[in-house]
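Two complexes come next, and they have one chain in common, subunit A, joined by subunit B in the first and subunit C in the second.
Right after this comes the complex of A and B.
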């Protein structure tokens, strides 16, 4: 059988900040949706189904999708609520794809939202570990990434300076993105290294912020895309791969991202990617910590294994390099968790549509977006200006 | 495009009990998964991925599918978690098969309600600004709904007790009870009594679903996942709690997509945890009113039979209920043929509705 071709034609984001005192979480979600729909003169009447992502323990609202049913525009419509951790926004996009590719729906709205200032994200993230074996020793995201980054340093020889360069690139790129949270135009490598250790080797400025924000996309079927966007972002791959549940079961985690490699292998095959450095024009990679971007680039085949440090030293992933990575500023600049991975997909779509404004990379034809969550889980999407051939 | 039909080829349940303190969540899910794999004749290594259904709040764990994705075949493969009734997970799994991306998947729903404090969890589902200060829970909301529904319909707690008794009689999990015994249980939120609500349980259900090619090549006994539909309803304080037009709309859409008439259905599964909600939902589907409606729940013959294995009131867990009903229906359709409409609800007072249509050869 042949899947129905699917394309992202509209995106919308809030202007992400640490604390939105002016809006509830429902209002934040709706703001992103309204911006998304308004960008193409769409209304809720045009939408057949809604897919929503949020990590509800972060804000402490059980069945948050049911509470927000009107804010999400879902009254009288199918509402799929996904909940997969950091990946959830990308899981939303993957679900939108399947709902369209299967022929079930023509126009699907995907939305991810989080108002972290309403709750305690790290307390909730601590519950992700097995209650008997893991919770006492791996609390929250920072300790997790510190362990992984240490492994990665050991395996690849990457230095703290090289990681700091990634942190600087992200915050400089963010200055050109009107929606980004952490914009630090004058940040230097020295300042990153001088910021306190949260947990070795992670400096405070190596780590993503905690944001309030939301992101929405509209994905549509086949021919209806052409009338809605001059250059629709066609989906060429929408892949998910997980690793095992216990941290100790993932050998050399982060240095070796088995789920990312598995997802990339399938996605590249589907989209005909032979050399990712050459074949992609831009990548939006889910890098909660600076080290993660380098390790993920290695595992995505953008460089050789162990060569992540050289990638940043040689400027290959800078805005003027052959493969700009995270022109939006990435997760290190913006992290409303339920939306974060959908922002990767939306930013990749903006680049393909040629509508990224000041952070537009010239002549983008193919873009990569990834989501990361749970215990080294991956969602991966490949978007292109070319409509997939059946 | 030509969509590939999806089929149910394996069915498995974990032993359902008020407290499965002999197993953890992973083991509970594996009990259902291994039973379904055995039923279908597959090994876990052959499975391409899974759609799971669970709720973080009941599981006390953010990303609650962390506990099960490994035993659901998710290692280096695709697992997605739906935080809704299992019928929504089944609808998502159908789309993954129909577009040709996945060929052989598991659909797994699991809940260990014994490990949570129900009031704390349910309170978290209420509006934090205006409702939580009143300290409500699901039964408080359902009590208000029952009061309104009884006033509107003329039905009484005695009628609901007969619905519970019918479910208990068919249940493979719970002991039978007479309507009088149900009416003698303590008041929880007037007019509701304790036994008007399905008891909290530890439960897991798994279905093996595959595409046409695998079903044919293996010549597997199978039930077709014909189509489905879903409709979200308004927040519980923003709607008439005595009706469920969203269920009717979802059922009508699914039947129209399938080209079926309502009278061609041989079995209907209604997913709601309170007896008065069962009556309300059946009424919304046009299955009758008043005494005649109650008799439909008690009838063991005549099409369509309602909750022929007892449904949610017969013993399962929230989030699992819709998938457990689909499994029971599929089991019958595989043996005897027929057409089933399986419903699952998510939200306070059965807010949102999903239906899936199954057909046995």
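Right after this comes the complex of A and C.
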């Protein structure tokens, strides 16, 4: 059976901040949905299925699919709840795609949200460790990440200065994005390097913030897309790939990201991408720290393996470079975890639709978006202005 | 609903409902982990599983994720190994085994046991970033027999050999 063509036609985000005391979790989810639907004069009557996701252990909630029903407009409709860790937002988008591609649904609403200020992220992150093997000696997301960064530095020769340039790029880009959390227009490489180490070699300013926020998209089937958006963002690949089960199984972790490489290989084949640097006009990738962006660019084939440092030195991923990476400011500027990977997809869609406002990259035809689940798995999407040929 | 509500929201009226939830779990480790932790606790030995293709994996497991072959053979690895990655952690993190923040700074690394094809995370006894790094030789330091309970924490930490 030929899959039904699917396109993202609307997105909505909250203005992400460290603490939203004026709204509950359900209310921020609804805020993003309202913005998303209002952008195309859509209503809940138009929606025939909902996919929602967050890191439920962060807030200690479980039945999101029950007690968010009203906020998500899901009464009497199928509401699929996902929890795939850091990738969950991208998993939401991939799931939206499968629902439409199957031919069963016409207009699907995807929602990701997180209120880190409500919860206990640091404690809850232990639940991402295997209880029998990994929790006895965990060191949090930052300790884990710093260890991976050391491997990546060893393999690629990337320097702290090159990573700091990525951190600066992200916070400068964020200044043009009305939804971004951490906007630092005057940040310098020197300031990043002078910020304290959270865990060697990760400086505080190399790392993402902790945010409250939500994101929503509407994905629709085939012909209904054209009436809703001038330039729908057509889905050309929606891929998920897993690595082995334990954190130490992947020998070089951040340096050689097996699930990202597997997802990229499959997605590029589906979408006919031969040279990612040439064929993509923009990328929104899930880089929880500065080093991650460089390592991910290598593993995505945007540059040769080991050439991540040169990529930022030569400005290839800057706003005015051939392939701007994370014009939104990325995860380093905004991280409401359950929404974060959906923000990547939504931002890629905005770029393809030509509606990214001040952070719009000129003449975007094809965009790449990735989610990141601590190396354990990757969700990857490729969006395009061209409707896919059946 | 939220746009107008947010506009009129008075910060002084923000109410936060505080809750503390204590949950207790007892994870059955299963046959592979039970054998591994028994050997660690009673004999101070590190066991791994091997498949017919020669893959040697710690933690031990019934099936190899790479070859999909059963891992039927038990072999001993370590207690020495090589760092595949390392850091010094300066931000306190709640130790899941105790609920208390682990004192900082401490060393933390990815260790490849001699004879194994996978890495494990563990603590290092070194807090000077200049002394740790990929390729450095390390060795498991076991807790005294009477303190060992059958857990990865029966290894107190790894000490640098170089």
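Here is the rule we use: the second predicted complex is superposed on the first by the 386 of 390 C-alpha atoms of A that agree within 3 Å, B and C clash if a C-alpha of one lies under 4 Å from a C-alpha of the other, contacts with A are read in each partner's own complex, and residues count from 1 in each chain.
Here, contacts are C-beta pairs under 8 Å (C-beta built on N, C-alpha and C of every residue); 3 or more make two chains touch, one makes a residue touch a chain.
Because the structure is a prediction, the values reported are computed rather than measured.
S.K.: Let me test your reading of the model: by the given contact rule, A:244 touches which partner, first (subunit B), second (subunit C), both or neither?
M.R.: A:244 contacts both subunit B and subunit C.
S.K.: Considering only the touch criterion stated at the top, classify A:128 as touching first (subunit B), second (subunit C), both, or neither.
M.R.: In the superposed model, A:128 contacts subunit B only, not subunit C.
S.K.: After lining up the shared chain so the two structures overlap, which partner does A:69 touch, if you call subunit B first and subunit C second: first, second, both or neither?
M.R.: Touch status of A:69: first partner only.
S.K.: Quick one: classify A:264 as touching subunit B (first), subunit C (second), both or neither.
M.R.: A:264 sits against neither subunit B nor subunit C.
S.K.: Does subunit B (first) or subunit C (second) touch A:99, or do both, or does neither?
M.R.: It touches subunit B, and subunit C stays clear.
S.K.: So, does A:85 touch the first partner subunit B, the second partner subunit C, both, or neither?
M.R.: First partner only.
S.K.: May I ask you to decide whether A:9 touches subunit B, subunit C, both, or neither, giving the answer as first, second, both or neither?
M.R.: After superposing on A, A:9 lies clear of both subunit B and subunit C.
S.K.: Now for A:55: first (subunit B), second (subunit C), both, or neither, which partner does it touch?
M.R.: A:55 contacts subunit B only, not subunit C.
S.K.: Could you give the residue numbers on subunit A that contact subunit B in one complex and subunit C in the other?
M.R.: 60, 131, 244-245
S.K.: List the residues on subunit A that touch subunit B in their complex, please.
M.R.: Against subunit B, subunit A makes touches at 1-4, 49-50, 55-58, 60-63, 65-67, 69-70, 74-85, 91, 94-95, 98-99, 101-104, 124-125, 127-128, 130-131, 238-245, 258-259, 262, 373-375, 390.
S.K.: Help me check something: in the complex, which residues belonging to subunit B touch subunit A?
M.R.: Contacts found on subunit B: 1-4, 26, 49, 55-57, 60-67, 69-70, 74-84, 88, 91-92, 94-96, 98-101, 121-122, 124-125, 127-128, 229-235, 238, 246, 249, 346-348, 351-352, 354.
S.K.: With touch defined as at the start, can you tell me which subunit A residues reach subunit C in the complex?
M.R.: Residues in contact with subunit C: 21-23, 27-28, 30-31, 34, 60, 122-123, 126, 129, 131-140, 142-144, 146-151, 154, 196-202, 244-249, 251-253.
S.K.: Would you pull the subunit C residues touching subunit A in the complex into a rising list?
M.R.: 1-3, 5-6, 9, 11, 14, 16, 19, 21, 25, 27, 29-30, 33, 57-59, 61, 65-66, 84-91, 93-97, 102, 106, 108-112, 117-123, 129, 132-135, 151-153
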